[in-house]
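In what comes next, subunit A is part of two complexes: it sits with subunit B in the first one and with subunit C in the second one.
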Partner chain A sequence: MQKNKARSRFIVACVAPACILAFIFMVVPTFNVFRMSLFRWGGYSPNQTFVGLQNFITLFQDEDFFRSCRNSILLIVLVTVVTLSFALLFAFILTREKIRGQNLFRIVFYIPNILSVVVISAIFSAIYDSNRGLLNSILSLFRGDADPIYWLGDQKIVIYSLAIAMVWQAIGYYMVMYMASMSSIPESLYESANLEGASRTRQFFSITLPLIWTNIRTTLTFFIISNINMSFLFVKAMTGGGPDGSTEVFLSYMYSQAYTNSTYGYGMAIGVVVFSFSFALSALVNFVTKREPLEF
Partner chain B sequence: MKQDIVGHKQGLVSKIIIYVLLIALLITIVVPVAWVFMASIKENSEFYGNPFALPQGVHWQNFVDAWTKARMGDYFFTSVMITAMALAILLVVALPAAYVLSRYKFIGSKFLNTCFMAGLFINVSYIVVPIFLMFVSGDKIVRNLFGTGFFLNNPFVVSVVLASTTLPFTIYLLSSYLATLPKDYEEAAYVDGAGYFTTMVRIILPMAKPSIVTVILFEFLAYWNEYIISQTMLTDPNGARTLPVGLLNLMKAQNARAEYGQMYAGMVMVMVPTLVLYMCVQKKLTQGMTLGGLKG
Partner chain C sequence: MKKVLSMILALALAASALAACGGSASSSAPASAAGSEAGSAPASTAEPTGDYAGQTLKVAAIETAYGVEMWQQVADAFEAKTGATVELTTDKNLEDVIDPQMKAGNFYDVVHLATGREKALPETMLKENAILEVTDVLDMKVLGEDVTVGEKIIPGFTGNLTTNPYGDEKVYMMPMFYGPCGLFYNKANFTEGGGELELPETWDELFALADQTDIPLFTYPTAGYLDAFTYAMIAEVGGQDFFNKALQYDEETWNSAGIDTMFDILGQLAANTNPATPSYANNDNFTKNQQMILDNEALFMPNGNWVIGEMADAPRADGFEWGFMALPAVEEGGDRYSYTFFEQSWIPAGAENPELAKLFLTFLYSDEAADIFAEAGGAVQPITGMTDKLSADNQVYYSVYDNGAKAAIGTFATTAPVEGVNLKDDLCFTMDSVVSGTKTVDEWKTAVRTTVDTLRGAL
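Right, the complex of A and B next:
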């Protein structure tokens, strides 16, 4: 009996601090997001008015919200497809080919992942600068003295400029991840494929891809969730949603409505919609990519 | 014989393509980063010429200006403080919790495990504004009682928030490692008369070292590079700030006042600690990633 008591006391002492902190700083705010989406509230004033689903009705008539949707979805699709294909390609090259300086490549490719998003944004702002930027000064070699391209100033281009920076940041991380799972595929499979004369491309699609499919599925789901968050961080640091709101994404629009614009309840309604959207999307992706897992 | 030569040629061509690909990616990563270091020692007038020109001399004044005039020195210490405190809080809270949650069965243990797993999906970006408003109203109460605010503009509170919001991932990572250790160690310790606490600190924690190191590496990078929480919670322009937030301000100031040198010096200050850490432990970091699975 005495021992049981000591055991429970130990368990409570260990778990309680973590639970309390997680409750205050994660559960309560998350609950507030959902609750406050039903209220009209400026954030600072004491009057909170219950308005039911009014915020959501306004939201579905809000052109700016739909623009942020389009941008977010474009970024999710574009950045996911490009990043994961490059990551797979480079992981395959670095695990399957005998490359000089293999370690150097692996180490360098991972560097963008350890840099702050602010630093990456600053680097890319310098690259994209219309007058003194690296990109335009390289391009001027081919284009002569034509008008500079406004990478961050042209509403049609700016979202792609953002996408490039996001791909740049993410490739290395996912490459290292795939390298780990690719290196666990037994060598004998490739040897017999070589004997039968299968090309490298064939080996990639028939051996590597099916065998790491489970890993790709998991990364895909996580990538989509983290992409919604990363696009917010990049937009906030690099363009601030501009020019003229053309790069607003889901969470940056939520942030600006809730924090800058002081329409807190409305911002939280956006949060609820985005939250549900990201869950639905990852469930969908999970369902679509479902296959029988293969064993080695 | 003929086939052999053709095969050899094909191999050579694909080798060349592979190296071109690898080196292209290498260049897109190394050149911008190296360029920032180069630009950080250029004089302001040099920024108007060719961006690829080598610096004419070493202009350390940029760093001095950034450190004192732009207050990056103060921000540097704030960043160090917040990162260190957040790491300390995180380890003290997360280690016992992960240990108990992964190795003890008690009423509600399954429920708590599920809760922390669900916490993996809650992103800070969704809940940063609710946390901020919680602090605003908390400060109102504290100010009425004691005359000064406590929650906002307080580096310690920022580190508590940082530690709390990374709890689910850390507990997940530590538990999955701790769960693999054999039960016999604890049983032997109990037979020898060691208490629960002694067993945890003396027997289990030393064995969990690899996973602890991984946590420290990951969260150091996360805390050091983070800017959304610190930007939102540290509102006083003359008060404490973290380095990435200071850098964001320099980026904005650069557009108005053309203080390029200072901005690049600021970027170097944010980058160098992470790069140095990475160079020392890059092997551990990329291995740890596969140990911990995923981070969104």
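Right, the complex of A and C next:
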């Protein structure tokens, strides 16, 4: 008995530092974001005025906020769908097929993930350059002397230009993750499928996909959350939210309101909405993708 | 025994973790730590003999194209004069260094950081009334000289809405290094440089150039650069009084025909802007817009004289030579304006040593400090007689006012923060949409007027 008590005391003492740190650096700031969203405050002075839900009322009438929502959601859906499908496809090809230079491809696909967002944005600025860029130069072979396409200047296109850069950056990472789980699927399953005459496509959808489903679920949630952060970095580095705010996303709008516009409380209100949104979305995705786990 | 020992160790771990979090409470340590990271130079070992021996002045200055050497020299000179110790902090992203410090309650005594940057730190502090009033500095004698600061500063640099942000007699921001903003062009395209085109003196003449050349008339680095440009435009369409009223969001002024004229001109400019401009108008690519002037892909560009240094190594068209002029007049014989950009120094309301800080401010206007700024950095203080000491290259730009152009000085009055409303976004960045045809000039005008109405209510 005496020994048990001492043991639990020891455990408490060991766990305490981590818990205290988590409390101070996770729980308190999150709580503060929620608290500050109810205040009107610029960020410096001691005069914080309690305004209740006023920040949220303003927020839900703010056209610019809705635009940033639309952009964020578009990027989340588009980039997630495209990245995950390409990552799955490439992973399948690289694990199942015998291709010369397999390792080279694996490295080439993974490299964008090592590069910093600033480097990627410089690369894509060069590709998208409307007068001297790679993309327009290639297209001019087919389009002749037609007006150049302004990849980063045309407000209808610019958000897709961002999406392409984000997909390019993310594919390698997820591909490597899927390759890891695909290579653990026993070879015998594919052998018997081959004997039964199942096509490659059939094998992919009936064997590979169900067997790595838990992995896909995890990465999906993970990807949606990181997408909200990554889109902020890409927007900051590539377009700065422009032209004329047409590429503002959740966090860049929050940043411009909390800092540039000196409305810190309002920025925190946006933070609360983004927080709840990503929480709800992850829960939803988790719920929708729930399947009975298969074992092999 | 073992148990006791492990208990003590665990507690020590917890305690050290807590101590690390509470670090910001002990004021001096993090200040110096952040300072050294940010390139703070140790104060030179001045003999503690002056009137202020033993006192420490914390100065934070942004590192810009002028460099940091001049600040170090000025700090040394101040130390030699007063015996006080100057702790100098400089950084390119000064906000990132001083912002956390100030949020934690460690205020600097003097900060040199201009308004108009993305983080908008001085603006936020003004909106929060967190900057000390320094009206009395104008009546103080410049350190080591027999004239007051107010007498030395060129008229017009105080009493405007940048230095007196609340639109009254109280000064909060001291004017520092200045430079004229206007239109830059390639002299070789115009008769003065052996070209064929006449340099326009009115907007009509400028737009008429479109028939004489294939080069698009206009470009801008990013739409944010249009702020200095529209300030000068406002002054042109209505004069100095009109300008001051417009900066205070006066209803009549903003609904006047003058503002209509301004938007007409802006609309015509948008129609004559190089169509690639918006796609380069971001922090990554704005130099490509500036390159258009060097490559004769656009005739005029609004900018400040720093652009010459910025583009010094860029390739250029044969015979290229930088030209600079004030904005063309609205009508024949009308006034031409050039916006005067200047940086600001200020004292945070929480400064520990405001008296010494004010003394330091007066020293910034001494001949000694102004010479250091000019020689070590090429920065020009707004004090009378300073332009005579400039290099010939620089005089071209600073002489724009001697050649008949008038100076527009000031920024929009500081209001209480308004959620989701930003005048610069509406007034400047809409240009991108007008150039690409997404918005019309009328939509632009309406949006600006609505914003102005909102901000007027928050004065």
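Basically, the second predicted complex is superposed on the first by the 268 of 296 C-alpha atoms of A that agree within 3 Å, B and C clash if a C-alpha of one lies under 4 Å from a C-alpha of the other, contacts with A are read in each partner's own complex, and residues count from 1 in each chain.
What we mean here is this: contacts are C-beta pairs under 8 Å (C-beta built on N, C-alpha and C of every residue); 3 or more make two chains touch, one makes a residue touch a chain.
Please read these numbers as outputs of a predicted model, since none were measured by experiment.
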| item | value |
| --- | --- |
| Combined model on subunit A: subunit C and subunit B, fit or clash | clash |
| Which of subunit B and subunit C A:L134 touches, first, second, both or neither | first |
| Which superposed partner A:T58 touches (first subunit B, second subunit C, both, neither) | second |
| Which of subunit B and subunit C A:A6 touches, first, second, both or neither | both |
| Which superposed partner A:A237 touches (first subunit B, second subunit C, both, neither) | both |
| Partner chain(s) touched by A:P29 [first = subunit B, second = subunit C, both, neither] | first |
| Touching partner for A:Q155 - first (subunit B), second (subunit C), both, neither | second |
| First (subunit B), second (subunit C), both or neither touched by A:S188 | neither |
| Partner chain in contact with A:S262 - subunit B first, subunit C second, else both or neither | second |
| Residues of subunit A touched, compared between subunit B and subunit C (which is higher) | B |
| Overlap of the subunit B and subunit C footprints on subunit A, listed as residue numbers | 6, 10, 13-14, 17, 21, 24-25, 43-44, 121-122, 125, 237, 259 |
| Residues of subunit B touching subunit A in the complex | 14-15, 18-19, 21-22, 25-26, 28-33, 35-36, 39, 47-48, 50-52, 92-94, 96-97, 99-101, 104, 106, 112, 115-116, 119, 121-134, 136, 160-161, 163-165, 167-168, 171, 195-197, 200, 221, 224-228, 232, 244-245, 247-248, 251, 263, 267, 270-271, 274-275, 277-278, 282, 285-286, 289-290, 293-296 |
| Touch list for subunit C against partner subunit A, complex | 3, 6-7, 10-11, 13-14, 17-18, 21, 102-103, 118-120, 123-125, 127-130, 222-223, 275-285, 288, 417-422, 425, 429-433, 436, 438-439 |
| Residues of subunit A defined as touching subunit C within the complex | 6, 9-10, 13-14, 16-17, 20-21, 24-25, 40, 42-45, 47, 55, 58-59, 62, 64-65, 121-122, 125, 128-131, 147-148, 150-155, 237-240, 242-246, 256-257, 259-263, 266 |
| Touching residues (chain side subunit A, partner subunit B) in the complex | 6-8, 10-11, 13-15, 17-19, 21-22, 24-26, 28-30, 32-33, 36, 43-44, 86, 89-90, 93, 97, 99, 104-112, 114-119, 121-127, 132-134, 137, 168, 171-173, 176-177, 180-181, 200, 218-219, 222-223, 225-226, 228-229, 232-233, 236-237, 251, 254-255, 258-259, 264, 267-268, 271, 274-275, 279 |
